[in-house]
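There are two complexes below, and they share chain A, which is joined by chain B in the first and by chain C in the second.
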Partner chain A sequence: MSSFTRRHLFLGVGALGGLALIAPLLLANPYSSRLAQLLFMNVLLASAWNLVGGFAGQISFGNASLFGVGAYATSMLWLAGFHPFLTMPAAALLAALYGVAWGWPCLRLRGPYFAIATIGVAEATRIVANHIEAAGGASGLTLPLEQDLGPVLLYALGAVLAVASVLVSAAVRRSRLGLGLIALREDAQAAAASGVNVARQQVTVFAVTAALTGLAGGYYAVFTLYVVPEKVFGFDLSISLVLMVLVGGIGTVMGPVLGAGIYLFLEQFVLASLADIHLAAFGALLIFIILLEPRGAAPRLAQFVRLIRRRFG
Partner chain B sequence: MVDLLSVLASGILVGTVYAYMAYGLGLIYGVLRVVNLAHGAFLTLGVYVTWWLNTTFGMDPLVSILITVPLGFALGATVERTLVFRLRDSPPVTTLLLLFGVWLIVRNALYLIFGGADRSLLTSYSLESLAVGPLTLSIPRLIVSAFSLLGFVVLALMLKRTWSGLALRAVAQDREAAALSGVPVNRVWAVAFGIGSALAMSAGSLMSLFYSVTPEFGARFLLKSFCVVVLGGLTNIGGILVAGIGLGIAEDLTAFYIHTGYRDVVSFLVLTAALVMRRADSD
Partner chain C sequence: MSGPAGGSALVEARGVVKRFGGLTAVHGLDLTLREGEILGLIGPNGAGKTTLFNLLSGQFAPDAGKILLEGREIHHLPSHRICRLGLARTFQVPRPFLAMTVSESVLVGAQFGRRVPGTTASETADRCVALTRLEPRRNAPVHSLNLAERKRLDLARALATRPRVLLVDEVAAGLNPTEVRETVGILREVHAAGIGIIYVEHVMEAVMDISHRVHVLDHGATIAIGTPAEVTRDPAVIEAYLGRSAGS
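So, the complex of A and B:
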């Protein structure tokens, strides 16, 4: 991929190195390693969502359907005797297939119609998953605790997945494909008229979104050791992705990363003490962002960084 | 044969309520071009207000419509004035997200006030039924169906015969032309959002007669409302009625011949299929 420059590779290796350096800090206790796992998962999910939601402006409320497929693929293969690492490609592939299966017809819709269609697909998937007895039905699947990968391997896996998803996002952003999507977001008709194959580009990128979301599902199964339809196919998961990206900065590469972090912070430290008004707090946050800061935190942060540089550099 | 007939009859009865429940969503979309994700909030509020009036004052759900209609109108118009109005020139997806925020807040408020438990509302006629030939029809369903049809007639007359109705239709057809001809577009928007919400809340009143009362009520019926509206044509009263009945029948057939657990899958699949087939591509 020509758009994947050496600079990206550099940054990616650097990020992984940095994450390795701070690993001892985060692996100090079970709680902090769980936080790191959740952060990696959120980054992966938010970056994946942003490929289609941010670059192409197609807001999906249905990514839980892809996450769930990944989580179940990993769980069922693991229970069938495969090593958890080997189940990851299967999780990605199955989620990508499922994503293309419903993305292909639905991505022809634009704006609110696409958003509503994704709710329909995700809810149908959730209900059906609740009734599949081979997959444990509504009570879900419990994974073998004694085969737990341990915090170090889980940290490494999460770090690699998260960094890879950001690199993919950067590569897509700079590629012909990404530019086509952005053109589509700004003006669908003009994009089509200038030769962007609107339908195919969206489906291609959606397949990548789906594969990454499936990987996040697989990773989730591996570190929680428990999957249940109401959680992994749940509507709340789909919404949290939208929120993360909106908080961080929609349509940018670093916005989802930032948003994933802010979201995790809010969820763990602010909302833990406000458990009763969890939903309302998210609702208020959503209204606040839409009305006052629709571009999210990323542009503000960039502004801040520029300011610092000007003053000290 | 009798089985099939009774499934059809019950599907038709439920379907008319579905149509009534969905109409507000279509009206708001038609006039404001806004996808009202807070529709579920108004449905749920209607159910809870009705349940509360019933348990506290013993008010009959059908009487409480006299309260839920004006309350819904006031709340809806307020949401439009304070929030939706600010985004009138933004892409539709932003308004959708904003209204979704409103829904989350309402849902949470209901959890806080009433808790998450399923409740139900019983009236003297809740369990009555009427035998028509080989069929047994539930009295509350018959009543609710009749009220829904009545609501449709009132609404159709309002849109056809009154000046406000004319203004609503004018704005729905062409906002700028309506504004140029002296229609107060801003006020019409607030009125349309108010009427749409009043319809949703009163639908909640009717539906409280045979659905359980929970904060998740709206989540379940919001998507069905979308389904009906998309199938029926956004503001087409006749189309919405047919679509509602069609969905009611399809669900009852699925529940009876396949599995009750799959009842709700029907509406989601029909919704997606209908959207894709219509290829509605207006941004």
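So, the complex of A and C:
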């Protein structure tokens, strides 16, 4: 891809190098390992969501349906004897197919109508998944504990997936596709009058969103070793992605990364004590953020970095 | 200004009808834009000018009738296909992509519009930015543009799609006389580049100045077609604009 520059490759390799350097720190105990895995998964999910939610402006509350498909694809193939790494492409592909299947009709809707449709699709998917006995029904699937990949491999897999999702996001942002998406987000009718095939652009980017979200589901399955419809198809998951991206900075490349980190930090250290009402507490926080900093943390941080550079650079 | 008589038809509408519920906005309209022509399209408010533009550019499908672009039926095609076949438009109220810079906005047209071999999208975008005198503002965020600049940006974005036909909707409205002259100058350059123009305008000195022919609509139907001098003397046109005189 012409928009994928040498600089991106350099930054990607640099990010992976950095993550390798701090790996011993994060792999020190099972809890910190798990935090790293969750962070990688959140980065992947938030970057994926932002492609369609941030660039195309189509807010999805239904990405759990794609995550769940990926989680189940990996689980079932693993149980059928495939190596977990080999199940990842299948998780991506099946989630992409499912995403295109429902995204194609739903993306004809815009704004709140699209958002409502995604809730319907995801909830229907969850209910159906609860009744598929071949996939364990409501009690879900337990994966072979004795085949656990171990913290080092899981860290490496997560790091590669997370960095790749950010690079995909950067590449889309700079591509013809990204230009068309921002145009249709700003004014779909004017974009169409300028030659942008609004329907095709949206479905294309949604396929990428779905594939990455499916990968996140597959990754989740291999590090938790347990998938159950109420969790992997859950509405909580869909909502949390929207929160992450809004907090971090919607429509930016680094916003979802920041938001994924902020969300994890709050979830683990601040809101854990609030247990069941932590989403409500997060919602209140979100209202604050939207009132005070509607573009999220990323633009403010970029401003801060520029200020530091000017003073010391 | 003398018209290029007898050029072949670039755009042809035949018996086009558009209804909105019980209201018929366009009544079986026939309209022709010839090769190399600037066709003025005038009429009182509500005459159906903007509706006709929406029909020609594919925002609406007609309820009856045909629309042809260079002899090819386009009335069943979506907007983006019509744009790629060579018909572009501006909007009465400019519709900028507010989150972009000027050059990015114009690049949208160049990247997604009609493909012309031998030119890159960025070259096309640069030419259109220069043609519309937006060069000094090329890296400005679109939301910082004033009305006159936004109108020229709409024009630049449409031109970047490399149209054969340009529909211009009230590009001079709300501008001061200097800006109107500048805009008319840009349209002359567009015409000189071989692009046919249908020009909707309420600013009469602008539309009468550059149109070869003027097509006058009222209540969705044609009331006069002719040179600017002819239509301004036409009793039906005078009545549509000024009303019937009290004695008659």
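Here is the rule we go by: the second predicted complex is superposed on the first by the 311 of 313 C-alpha atoms of A that agree within 3 Å, B and C clash if a C-alpha of one lies under 4 Å from a C-alpha of the other, contacts with A are read in each partner's own complex, and residues count from 1 in each chain.
As a working rule, a residue touches a chain if its C-beta (ideal position, glycine included) is under 8 Å from a C-beta of that chain, and two chains touch if they have at least 3 such contacts.
Given the structure is predicted, the values throughout are model-derived calculations rather than measurements.
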item	value
Chain B versus chain C as contact partner of A:Val242, first or second or both or neither	first
Partner chain in contact with A:Gly218 - chain B first, chain C second, else both or neither	neither
Which of chain B and chain C A:Ala124 touches, first, second, both or neither	first
First (chain B), second (chain C), both or neither touched by A:Gly234	neither
Touching partner for A:Pro294 - first (chain B), second (chain C), both, neither	first
Touching partner for A:Asp276 - first (chain B), second (chain C), both, neither	first
Chain C versus chain B, contacts on chain A by residue	B
Which of chain B and chain C A:Ile59 touches, first, second, both or neither	first
First, second, both or neither for A:Arg108, with chain B first and chain C second	first
Common interface positions of chain A, toward chain B and toward chain C	none
Residue numbers on chain A that touch chain B, as the complex places them	57, 59, 102, 105-106, 108-113, 115-117, 119-121, 123-124, 127-128, 130-131, 188, 235, 239, 242, 246, 276-280, 282-287, 290-291, 294
Interfacial residue positions of chain C with respect to chain A in the complex	57-59, 78-80, 83-84, 88-89, 91, 95-100, 104-105, 107-109, 111-114, 157-158, 160-161
Residues of chain A touching chain C in the complex	176, 179-180, 182-183, 185-187, 189-198, 251
Chain A contact footprint on chain B (complex, rising order)	35, 83, 86-87, 90-94, 96-98, 100-105, 107-109, 111-112, 219, 223, 226-227, 230, 259, 261-262, 264-265, 267-269, 271-272, 275-276, 279-283
